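We just call them A, B and C in the order they show up, numbering each chain from 1.
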Amino acid sequence: MIPSIPQSRFLTASYTAYIALFFIFLALPLVVVAVFAFNDSQFPSLPWEGFTWNWFFGAERPMIGVFNERPILRSIGTSAFVAVFVSILSVGVGLSNAFLFNRYRFPGQGVLYVLMLLPLVIPGIVLGISILVASSRAAEGLWDLAQWDVDALRPGLTLVILGQFSFVATISTLVIAARLQKFDQTLEEAALNLGANRLTAVRTVTLPYLMPAMIGAFVVAFLMSFENFNTTLMLVGSDAPLTIAMFDRLKEGSTPLLNAVSLLLMLVSSGLALIMIFAQRRT
Amino acid sequence: MTPDLECLNLVKKFGATTAVDNVSFDVPPGSFFSILGPSGCGKTTIMRMIAGFLDPSSGDIKIRDRSVLNTPPNKRPVNMVFQHLALFPMMTIAENIGYGLRRNGLPKPEIARKVDEALERIGLPGIGNRKVDELSGGQKQRVAIARCMVLEPDVLLLDEPLGALDLKLRERMKVELKALQAAFDTTFVYITHDQSEALVMSDQIAVMNHGRFEQIGTGRELYYRPDSAFVAGFVGDSNRWAGEITRVDGDGLEIRTDSGLLLRGASHGRVLSVGEKAQIFVRPEAIRIAHDAGELDHFDNRMTGRVTSLLFNGAASRIIVQDPEGREEIEVNLPQSGEFAGLARGAEVQIGWSGAQGNCFAAGGH
Amino acid sequence: MRTQAKLGLFLLLSPLLLWLTLLILIPHVDMLLVSLRERIGVGQYQTSLANYFTFFSEPLYLRTFVRTAVMSIMATAITLLIAFPVSYYIAKMARGRVRSALFLLCLVPFWVSELVRTFGWMILLRETGVISKLLQYLNLTDGPVELLYNDAAIMVGLVYTSMLFMVVPLVTTLESLPDEVIEAGYDLGGNGLSVLREIVIPHAMPGIVSGCIVVFMLSLGNYLTPTMLGGKDSLWFTELIYSQFIVRFNWELGAAFGFMLLILSSTIVWGMLKLTGQSLEKTMG
């Protein structure tokens, strides 16, 4: 079952057909979402009423386009804001973790490593409610103790950022650690030998080597945060990120406006993914 | 006697490139046949065609006189020891060796018996329950062979299986492989780019280059009577000069190298004429060295030279001698009798060799 | 030098410990504590297992719990069955550029929000959707057909959404299986089926396990897909948690539900690892 093993024509043909079907299955939902963004109709469904750009640029009811729809634009901004924070935090902590697990040997390391992996196997919604419960208990505690009202502990963007960070950090750790694993430590020794001190050696030799992984981890973190739904749903306050805002609209009934937003999302995500792939390919 | 393996006018093309170009050979039963060539010469392609992982573009492959072209690899009476051995890491040693027997639907007790027998035969009894990665390189090697031999194939193919081993182990495995081949009394077809592996183990060697067989013969024939400049250059070490033929009489000839040195050589039956460009090959061990020119009187190539380098390498020690005018450097084997132990750089020595040792080939062929 | 190394260790250890303690350990302990208290008056609580009793005594809760588990396992199995041949094709059949292109194509849908993917399936499956219209056009049905709001639709959505997390680990492990080993399997007399059973699948086991764990987790914890694609009767356990927390504001019961979900997922993940002799570090790290 590899090209060097002769196979019957029928088998090869059916295998290829299966692969083709699979990719149609993958593409189908995305294609219909994209196509109906241009349907000149109130509903994202057949019949096709003609082509229009109105769901992007329209300024009059009932066809207000994405670029004139304030709440959607604001929620995109909120999502981006959250995603940038989550990415910065995750890459920072991920970098630190990668060095910790790669360079140091200390008692309890194995246990810590497993603990570090755990957020991957905790359902997102459970992560969300546990942080919700803990933060509200902390808020109550602070109020009882000092009549101190800490807004950040109430459902809102701070909690959303922390909630997403709590599992995205694991992924960025794994991405960065994988590359650090491949790093040839004698390069650092060579830098020391040539007169650098430890910190300078890391800064001038190791960090540039890790850069593609850090960019990769940043992009992955950004996308994961941008798309996150489960954890965010439990922690969100009055400022809704895009996925939550779209979810609320979808429950009320959909218009091609959502298709237009989705298409934009697809374009931006694919663009980011491509940037990441190129960043990693260059090295 | 019908040969165990016979390849007839085998051709394999990949797009525009011809990897194997009209190769024919046969391998008599019980012999050790090697295909020797540099990487990319097409030897792996031949082996994969015999095993059934590639279809020849034209030509035929016969095993015991029956064409196997339409037989899929899992039904061919040949087995293969892969370059990286391809032992199954998910199975124990016994499961590895028993794999093919299980495929043939043998009853379990018989499989167990045969596996034990095979382990006995390769000198590793009782390791059946171990995992593949618990074995040393040499042990893995033997298991890979045993895994094939329990199936009693007509031909065993070996694809550079010693390549991954370190030097010492490789030397030992050469002897061991030869012994295993004798013990199993099976036809081995071995491919390698290492001439010493081929020379030590094989009954017959085919030297391959650019998809063609340059010469088929015993190791001795290839070494002393190469048919082509490529074989002369590829098998063993040689001093090698290019020049022009200035005189031909019978088998002997005279050649002036591009730097002006006049040497006597031999054509060994090849047609060479005066004025033709040619190459001459002289092995370092064919050159005698002496303190006194009188000892070399019987050689038709003689000169006085100066030692420019001493290459100490134990039994294979050499010196590099420069001819009086400083035109050429000649590598000469140092006799191990101790006579020249005191030789120093810059010393003057006499060297000489017989013209019959200077193999000449027309230039431009390869 | 020694003190410097200690300082470095301390500096690198603190973010990790802060993260794990503040965002993972303490919240889960808090959740456990909340799930173990019973409200007996306004602002008055006592420790009890009442919430768990409620969970086990109310058939709707228990049924939803079991249904969610069973359907998640089914979704995992279906995803594996669909993804394996595809991953094998990418890893072992396709070569060079085609391979990278196919792999990239597999990834693309997952750079897009799950919401968008689910929305796509809604457009396809609903009564006024593309497939229904197509069936009518082909005269295969008389009137519109509703393909949405049932368990099958949930299944399609779950499988689609999880596909990437199965394909990536499978492709990675299958790629690491040398062609030589597969050829050796055939050379020694094996056929497609026996090579698959004895060589390919055992080799791919770590990938299969890690793919299954992730897909199972994602299905079990999914909220969006069952909510959007499922019908009135196809309740998902996460929907119960959401409604206890956000709609009914009964955090005690919600926390107990959350814990049950956590126990369920941990048990099945642990069982899967034990059954196949893998470890979390090996499959996830």
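Criterion: a contact is a pair of C-beta atoms (placed from the backbone, for glycine too) under 8 Å apart; a residue touches a chain by one contact, two chains touch by 3 or more.
Protein names from UniProt, one per chain: A, C = ABC transporter permease; B = ABC transporter ATP-binding protein.
Owing to the predicted nature of the structure, the values given are computational and were not obtained by experimental measurement.
Participant: Could you compare the number of C-beta pairs in contact for A-C with that for A-B and name the larger?
Facilitator: Answer to which pair has more contacts is A-C.
Participant: If I average the CA coordinates per chain, which chain comes out farthest from chain A (ABC transporter permease)?
Facilitator: B
Participant: When the C-alpha atoms of chain A (ABC transporter permease) and chain B are each averaged to a single point, how far apart are the two points in Å?
Facilitator: 57
Participant: What whole-number Å value describes the gap between the mean CA coordinates of chain A (ABC transporter permease) and chain C (ABC transporter permease)?
Facilitator: Each chain's C-alpha centroid was found; their separation is 16 Å.
Participant: Identify all positions of chain A (ABC transporter permease) at which a residue touches two or more other chains, and write them in rising order.
Facilitator: 4-5, in rising order.
Participant: Name the residues of chain B that each touch 2 or more other chains.
Facilitator: Chain B, residues with two or more chain partners: 52-53, 72-73.
Participant: Counting only residues that touch at least 2 other chains, which ones in chain C (ABC transporter permease) make the list?
Facilitator: 183, 186
Participant: Which residues of chain B touch chain C (ABC transporter permease) once you look at their complex with the stated criterion?
Facilitator: 51-53, 72-75, 78-80, 82-84, 86-91, 99-100, 103-104, 147-148, 151
Participant: What part of chain A (ABC transporter permease) is in contact with chain B in the complex they form?
Facilitator: Counting only chain A (ABC transporter permease), the residues touching chain B are 4-6.
Participant: Where on chain C (ABC transporter permease) is chain A (ABC transporter permease) touching in the complex?
Facilitator: Interface residues on chain C (ABC transporter permease), with respect to chain A (ABC transporter permease): 4, 8-9, 11-13, 15-16, 19-20, 23-24, 26-28, 30-31, 34, 82, 85-86, 88-89, 92-93, 95, 102, 104-109, 111-117, 119-124, 126, 128-130, 133, 160, 163, 179, 182-183, 186, 192, 195-196, 200, 213-214, 217, 220-224, 228, 238, 241-242, 245-246, 251, 254-255, 258, 261-262, 265-266, 269, 280-281, 284-285.
Participant: Where on chain C (ABC transporter permease) does chain B make contact in their complex?
Facilitator: It is residues 178, 180-181, 183-191, 194, 198-199, 202-203, 205 of chain C (ABC transporter permease) that touch chain B.
Participant: Can you tell me which positions in chain A (ABC transporter permease) touch chain C (ABC transporter permease) when the two form their complex?
Facilitator: Per the stated touch rule, the residues are 1-5, 7, 15, 18-19, 22-23, 25-33, 36, 43-47, 92-93, 96-97, 99-100, 104, 106, 110, 112-127, 129-135, 137, 162-163, 165-166, 169, 174, 198, 223, 226-227, 229-230, 233-234, 242-243, 246-247, 250, 254, 258-259, 262, 265-266, 269-270, 272-273, 277.
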